[in-house]
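Note that chain A is present in both complexes that follow, paired respectively with chain B and with chain C.
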Partner chain A sequence: MTGRAAPLLGRFRAGYVAPSVLLVAGLLYAPFVWTAYLSLTRYDGLIPPEWVGFENFVKLLDDPALLTAIRNTLMWVAGTMLLPVGLGLLVAVLSYDIRGGAWFRVPFMLPYALSGAGLGLVWSPILSHDGIANKLLGVDTAFLQEAPHNTIAMLLVWTWQQLGVNTLLFAVGLQSIPKEPIEAARLDGASGWRLFRHVIWPLMAPLTAVVVGLALVASLKSFDIVWVMTQGGPGRNSETLAVTMYRDTFVASEYGYGSAVAVMLTVVTGLASYLYLRGRK
Partner chain B sequence: MIRRTPILIAASVLLAACGSTPTGQPKTELTLYNDKGAWSKYFTEMGALSKQQIDLGMKPVGYTDEPTYQAFIKASFRTDVKPDLFTWQTGGLLKEIVGQKQVAETTAIWQEAIKNGDLSEDVATYYTVDGKQYCVPLNVAYWGMFYNKKIFDKHGLKPPTTWDELITVAETLKKADIKAFYHTSVLFSFVWFEQLLAGTDPDLYDRLSTGKAKYTDPGVVQVMEKWKSLIDAGYFSNPGDKTDPADALKNDKVAMVSFGTWFNTSMTQRNLDAGFFVIPNVNASLPKTSMIFESGPLCSLAKAPDPAASMKYLKWWTTTQAQEKWSSARGDVSANPKVTIKSEVLGQVTKDAGSGKYRLVNRYFEATPPPILTAALDGFGLFVTKPDSYRQVLEDIQKKADEYWSTHQ
Partner chain C sequence: MIRRAFLVVLGLIWLGPTYLLLVNASRPPDSYDSSRAWIPSPDMALFTNFAQAWESANLQESLASTALYSVVSPALGVLIGAMAGYTIVVLRLRYGFWWFMLLFGGTIFPSQMLLVPLFVGFSDAGLYDSRVGMILVYTAISVPLSAFVLRNFFTGVAFSIFEAARMDGASTFRIFWRVYLPLATSALAAVFILNFTFIWNDLLFGLTLTQTAEVRPVMTALAGLVTDVYAGTPVPVGLAAGLVVSLPTVVLFVATQRMFARGLALGGLS
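Presenting the complex of A and B:
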């Protein structure tokens, strides 16, 4: 930086930062503060909000649908860690360092091009009672009707889409780790599971933190697939917290109560991310 | 100069962001926001016709997701993105936007239309809040049973005129391994509840809609038990089927589908010549056959971009020449009694309904306040997949109803 540019930058420093700060404040902080305020009101989107204090949060604790939503959301988190993330790692490791490994990974990547809503539209008729899945398997299963089958079915669909991107991220991680420690370990006689567990896995830790962190947040706010495939039903038995938030706000027009769910979901997501990242230190 | 440039740019951006400057020129084309995305073709045809007849075009903007649509319209009340015309719902939702002074009064249009015979007093009641009218009918629909004529002919069946005859038809079809009735766990899960309740005790139906009766009352419980007995008897299709009901009817998957007359639009689109009959009352001793009725409003905002143009359009919409086109294109009935209905059977139903032959019952969707409706749709959705859950379902809906009516009586 030149001597002339430094004071100029210093003088207008706030000006350079201001557009970004204004965008973040206007598009992220302000809506959050507004949502937090609405969570303390009774509001149907038309009549001006009426202050009710913590009534919505008290109601939340007494809502059996919320317990179902929490149970389903936890299933989404656990299922996501096990399937898209776990299988993604497995596919990446199995296809690492072999001839044509990249080609092996390509089919897993293709479904990633679909949006969550598109994914739901494709799979919903397949898994419906009169869909092709029942016909191909020769069964009469209500994949999307009974809990917890419907959440498991949607998790498998989610896996079909997400597996590729997780595989890709892990493959990139595997390719970027230094070769020397692996060679050294091999010379010392390490191979297979022991090589992976004690050498490769620790070297991949920074990338794993990102993949798991992203998957954790994505699974906590699972919405689009559920909304398109079951709308959280039947009878709210496949609802996740994000679906509960949308349903209470926009379907039932209870903006105050829906905002309380949104605040709770934000706190849960923030807390889970914080605890996860803290636990990795 | 250098210092002024950013200020000029910022000012230009701000001016651009503030939207177009009102020119004072009357609009020549209106946008009609609607929650009937599947009807875009028909709206576009109406736009072309209005351009011809009153020199005012119309362009539809259709939504297919109701919550998204309603959220947009509610947001438009507080922003500058205001539709010229929009579709809405009668009942509690219309009262709400009238209460908030967001919707333009249409009393003058109604008075003239009733005088000319273009609209009827009966329909006006659905559009009246505190003695004044708001919006005009986009459509009206009478609910009944569409049936597959081919299946009926094959098994020697005739449209039933009593509840017992309807059950005999269902039993005959069951023996032939054909599902008699369509039902679903999503959105239209309320259809059989409203039909059975209105056909058993329409007064109870009305009281339930206004919070004067409870979902746990014996009369409502009996209706659920009746519905359960029909499901247990094996008359219904699987509620988890995703096949469009119109396709299910066309492809012989079910023999009968209960919907409003607007369902005939789907029949028209599929070139299916389906039959239609009025569903007989469960309770034969009722003086009149209960018939579910719905009417969807077409509205203008109180602060519409060009109020005069919007009013001109609403007035035109009620006229016979506009309604002839709207009705015939979709193969549906019309709010205008002077319109000739293409379908003979639907024309007869409209005529009979107009002469007071039926007791018209406001559709459950409009008659029930949104928070209770949402709980009920979820509850009925659960019930059709697990019929044994009916008591729990009714208790859950009543819990929501208690909560709602405690602040809305």
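Presenting the complex of A and C:
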């Protein structure tokens, strides 16, 4: 680099990163810090925020709606690990090494095209009270009305959408693991469950970590399906933490309290990710 | 054999709702009956259903807004992020690693932590319920991933390319625009598609920051259609709307699958 060019570069460098830094700092970092501050205030959006310390968090612990939201969110997390992730792993393993295995996975990929709102649109007529599922089974089940089975019903909808992408990720992972250890174990007479448990599973651990980690964070923040299908109801009994946050803030206009729910959701997500990453080491 | 049977049965279960979606989206609205939803209708009404959704739910305005947001914001985001990556890696910005960490840190914030200040701040600034405001938010969200992937990409480009262009007297911006950006086409495309899909499918920001039909993104309009399923919108009309609105992301994904996989591999995400 010539001596003449150096100062010129120095002048432009800052200009080139400025747009990114301004956008990210102004629209992501600043709101983040502001929400953390608001969680310690009473605020309705009109009168300036009034400092109340940890009052919102104390109130949170006593709020029955919040306890329901925590229970439902935990159901979303556990259900996500069991169904989209667990079943996805099963489908990937079963369709691995059989001829035309990729074709068996096509039906699971189709629903991935739908968005959260689109999913609600497709499943509402199926699960509604006079809907297709009840008519088909000849029963009269309130799939979306009573807890906890409204959360379970929505988990199945979520599974219908997410299974494909998890299967695909696991299938890609299975294809990229070295073949030699598997062949060697086969020669030694290992097959089925034992082959999977002691040879394949350890080899695909790095990929499993990514899939489980992504599913963990996504399920903790479940919002779209719940909002579109039940709006967290009836009587707030299917709310997740993300829905509670939205409702407390924008329906009840309790901005301070809603911010406290957002902070709690963030802490829980961060803590879960941290414990998960540490537990894997 | 048991494995195949299991996969086929599970696959058929998965195809059930897909079948219901296709059959009932193509059915004339007045012939819908939930107890006969499995039987295809002889009349093909998909396009009339969509035309009806188009008018009744103001879908045309929402779709125009969403098309604008999900093209302009990822394009801006990917350019701005690439410029940051270029400055950090190629121009060797001082403390570049820390600037990079600052930008990349933007990916970890849950949306819920942003909603209240964005809502209040946008209301004060006159950006609430405006297309400019939505483009700003979506662009900011697109930047961190762009900066991450493009920084990784530019790290793999030989520095001698920059030196040679410098010797020829090209300005740093010209080198970015004419040399580095064209090199990174597939990485740029991959990031663009990921952000496009996120913005196209976004419900939460649309719900929080918009109100009128012409600003509201399409998924928020669609969500409104669901709550109205019982109130007015016939099921086939709603399904047709959901189907058509999902098409762009599918088409984009299928059309660019190769480029997408290559871009991510080069960006070091895979």
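Note that in this section the second predicted complex is superposed on the first by the 256 of 281 C-alpha atoms of A that agree within 3 Å, B and C clash if a C-alpha of one lies under 4 Å from a C-alpha of the other, contacts with A are read in each partner's own complex, and residues count from 1 in each chain.
Please note the rule applied: a contact is a pair of C-beta atoms (placed from the backbone, for glycine too) under 8 Å apart; a residue touches a chain by one contact, two chains touch by 3 or more.
Because the structure is a prediction, the values reported are computed rather than measured.
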Chain A as common anchor, with chain B and chain C clashing or fitting: clash
Touching partner for A:L23 - first (chain B), second (chain C), both, neither: second
Touched partner set for A:Q145, first chain B, second chain C, both or neither: first
First (chain B), second (chain C), both or neither touched by A:G45: both
Which of chain B and chain C A:S259 touches, first, second, both or neither: second
Partner chain in contact with A:R247 - chain B first, chain C second, else both or neither: first
Touched partner set for A:D130, first chain B, second chain C, both or neither: both
Which superposed partner A:G233 touches (first chain B, second chain C, both, neither): first
Greater chain A contact set [chain C / chain B]: C
Overlapping segment of chain B (options 1-9, 73-81 or 181-189) - the one that collides with chain C in the superposed model: 73-81
Common interface residues of chain A - those touching chain B in one complex and chain C in the other: 45, 124-125, 128, 130-131, 231, 246, 250
Interfacial residue positions of chain B with respect to chain A in the complex: 66-68, 70-71, 74, 77, 96-97, 99-100, 102, 185-186, 189, 238-243, 253, 370-371, 374-375, 378-379, 381-386, 389, 393, 407
Interface residues, chain A side, partner chain B - complex: 42, 44-47, 124-125, 128-131, 142, 144-146, 231, 233-237, 246-247, 250-254
For the chain C and chain A complex, residues of the former touching the latter: 3-4, 6-8, 10-12, 14-15, 17-18, 20-21, 24, 34-35, 37-38, 80-81, 83-84, 86-88, 91, 93-94, 99, 102-103, 105-106, 109-121, 136-137, 139-141, 143-144, 147, 163, 166, 172-173, 176, 200-201, 203-204, 207-208, 219-220, 222-223, 225-227, 229-230, 235, 238-239, 241-242, 245-246, 249-250
Contacting residues of chain A [partner chain C, same complex]: 1-2, 5, 8-9, 12-13, 16-17, 19-21, 23-32, 34-36, 38, 45, 91, 94-95, 98, 104, 106-108, 110-111, 113-118, 120-126, 128, 130-132, 134-136, 160, 163, 221, 223-224, 227-229, 231, 242, 245-246, 249-250, 255, 258-259, 261-263, 265-266, 269
